[in-house]
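These notes concern the structure reproduced below.
Per-chain residue numbering starts at 1, and chain names A, B, C and D are given in the order in which the chains are listed.
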Amino acid sequence: MIISSDDIIIKTIARIFVPFIQLFALYVIMHGHYSPGGGFQGGVILGASLVLLLITHGYEEMRRRVPEGAVILLGSLGLLIYSGIGLTCLLLGGNYLDYSQLSVILHVDPAHARAMGILGIELGVAFAVMAAVCSIFFDISTGGILPEDEK
Amino acid sequence: MEVTLFIHAADDAFRILEKAKERAVGLLDTATKLTSETRWMEEKKVHAILKGAQETKSGFQNFVATFLMLFGFWALLSGKFDAFHLFLGVVCSLIIAYLSYDLLFANVRVGDVRIIVQRFIGYIPWLIREIVMSNFHVAYLALSPKMPIDPKVITFRTKLESDISWVTLANSITLTPGTITMDIEGREFMVHALDGKVADDLDTGEMEDRVAHIFMEADHIYIQDVLDVSRVFAKLKRGM
Amino acid sequence: MNEFFVVVGLGLCLLVFLVLYRVIFGPGVFNRIAAVSAIGTKSLIILLIFGYIYNRVEMFIDISMVYALLNFIGCIAAAKYLEMER
Amino acid sequence: MTHIMIALSILCILGGFFFFTTATIGLLRFPDFFTRLHATGKGDTLAVFLSLIGLALYEGFSLSALKIVIIAVFMFMAQPTATHAISRAGIRRGIKPWVKGEEK
């Protein structure tokens, strides 16, 4: 079980770095098509920032900041975005994940619609990957025994 | 007519500020009379009183400060300054600033940040000079055939308080010649030194005073404190 | 200028092999972590020099940012894991 | 102007490379874990900083140069913390620092 480390140095440095790491992760997600990155890599970096927070601040503080339910909710939200966009394209007459059909709803020319579609897909993938990384790490670090069960 | 009103108001303000200053100085004088242990707790109490008054305002200011820093970082990261990407940047920075507004500036009091930043920027050249010296020291030790190393472990109590000053002190110790911060127990810093000479430099506490100077822990009366105290006493006065 | 980068890159690779000795024969696990962290910083510079050789600097800077990040998180995680009494 | 920049960047990168070598030699030759941490902790921090500043200078004044400076600042703060974390773990797991008398 990861008890909160009483070392102020690592805690403060992690506290200073975490927001910037998360912003960098979002940058990597958003700029998938011109610079290296995309949904998957961005999601892993986002997960890594939460893992860093969990390592340095211990389990209790982490549950206050990112409750267990939120992680699973975010994962399913990602999946919803991913398949949602795919299905809407299907409903609009194109085949699955054919973004140009989205231009009908977004009142935008097909090229823009494709860009928007790709962005949406990458966001969905990133959320799903982040949730996966986090829940795996939560379960391994606690070994499945949550604080309530111990008491 | 307004002028006299203004003068009265100014008088009241100065009197309150004066009383507040005396009260704060009085509190801290009684603090210094006690032993260092109780003094530390006494100062903690003073901080606690002042912190309450300052808590609500700093929450929002933290959020705005974090947002601005994150948006600057985003603009730097993505070279594209067209409307769509800047809009994305604003949205992302807002989300993360909201999620982690209390992470970055947890207990730095906003009133003094400008001064702390100026002094910190003045501190960086000294730190770089130190690390260059320490690297030549390591190079000399590594390259000399008989490696004159005589390691020692030193522990010393720090008189600094805020987290960030502890971090700066520990990292500076790690970067200066011949010493590494090994462990911190409560207020005890455990330092591994390569040889005696370096250990003695550390005991002089010259670096600790430098860090204390940066984070304004040396001068007892902070600008932020007087502001808070005056507000607290104004409420009390009105209440009476 | 390209040759200068290639030479520095090869020099750094040589240094990584030297540090590899400490990784393999390091008396304990802690020496190995210190060595791996040293290799991490060296390969960060090698990565950037690759970017300069293939002059696709933009791409390699993002990769090296992620690399520096994960190297740091890895070090902290290893230290935290080894600190716990089993 | 560009010649000065290129000369400066070559100088910085060579300086960084020199400190990398001393750090590696220190890592290999020093007798005990904590002294080796001295070498890598300090040596690598400055070496990475100098090399990155050199590469940024070679890039000239552009956004990617600024990004390289950002990496340099990040490494400047992260490396001592990592060294501190490792040495803390070492002490907590009961590794005795070597004293002059003992054999290596």
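In this text, a residue touches a chain if its C-beta (ideal position, glycine included) is under 8 Å from a C-beta of that chain, and two chains touch if they have at least 3 such contacts.
What you see is a predicted model, and the numbers here were worked out from it, not measured in a lab.
Peer 1: Out of B-D and A-B, which chain pair has the most contact pairs?
Peer 2: Output for the comparison: B-D.
Peer 1: Give, as an integer number of Å, the spacing between the C-alpha centres of chain D and chain A.
Peer 2: Measuring from centre to centre gives 33 Å for this pair.
Peer 1: Hey, how far is the Cα centre of chain B from the one of chain D, in Å?
Peer 2: Using C-alpha averages as centres, the distance is 26 Å.
Peer 1: Scan chain D for residues touching two or more other chains and write them down.
Peer 2: 23, 37, 67, 70, 74, 77-78, 81, 83-85, 88, 90, 92
Peer 1: Send over the residues of chain C in touch with two or more other chains.
Peer 2: Chain C, residues with two or more chain partners: 58, 65, 69, 72, 76, 80, 83.
Peer 1: Please output the residue numbers of chain A that touch at least 2 other chains, ranges allowed.
Peer 2: 7, 9-10, 13, 16-17, 24 - these are the residues of chain A that touch more than one other chain.
Peer 1: Using the touch rule from the top of the page, what pairs of chains touch, sorted by label?
Peer 2: Between chains, contact exists in these pairs: A-B, A-C, A-D, B-D, C-D.
Peer 1: Which stretch or stretches of chain A touch chain C in the complex?
Peer 2: 2, 5, 10, 14, 17, 21, 24, 28, 35-37, 41, 45, 48, 51-52, 55-56
Peer 1: Tell me, which parts of chain A touch chain D in their complex?
Peer 2: Within the complex, chain A contacts chain D at residues 7, 9-10, 13, 16-17.
Peer 1: Using the touch definition from the top, list the residues of chain D that touch chain C in their complex.
Peer 2: Answer in residue numbers: 6, 10, 13-14, 16-17, 20-21, 23-24, 27-28, 33, 36-37, 40, 44, 47-48, 51-52, 55, 58-59, 64, 67-68, 70-71, 74-75, 78-79, 81-83, 85-86, 88-90, 92-93, 95.
Peer 1: Show me the residue ranges of chain D that touch chain B in the complex, using the header's touch definition.
Peer 2: The touching residues are 18-19, 22-23, 25-26, 29-32, 34-35, 37-39, 41-43, 45-46, 63, 66-67, 70, 77, 80-81, 83-84, 87-88, 90-92, 97-100.
Peer 1: Quick check: in the complex, which residue numbers of chain D touch chain A?
Peer 2: Touching chain A from chain D are residues 74, 77-78, 81, 84-85, 88.
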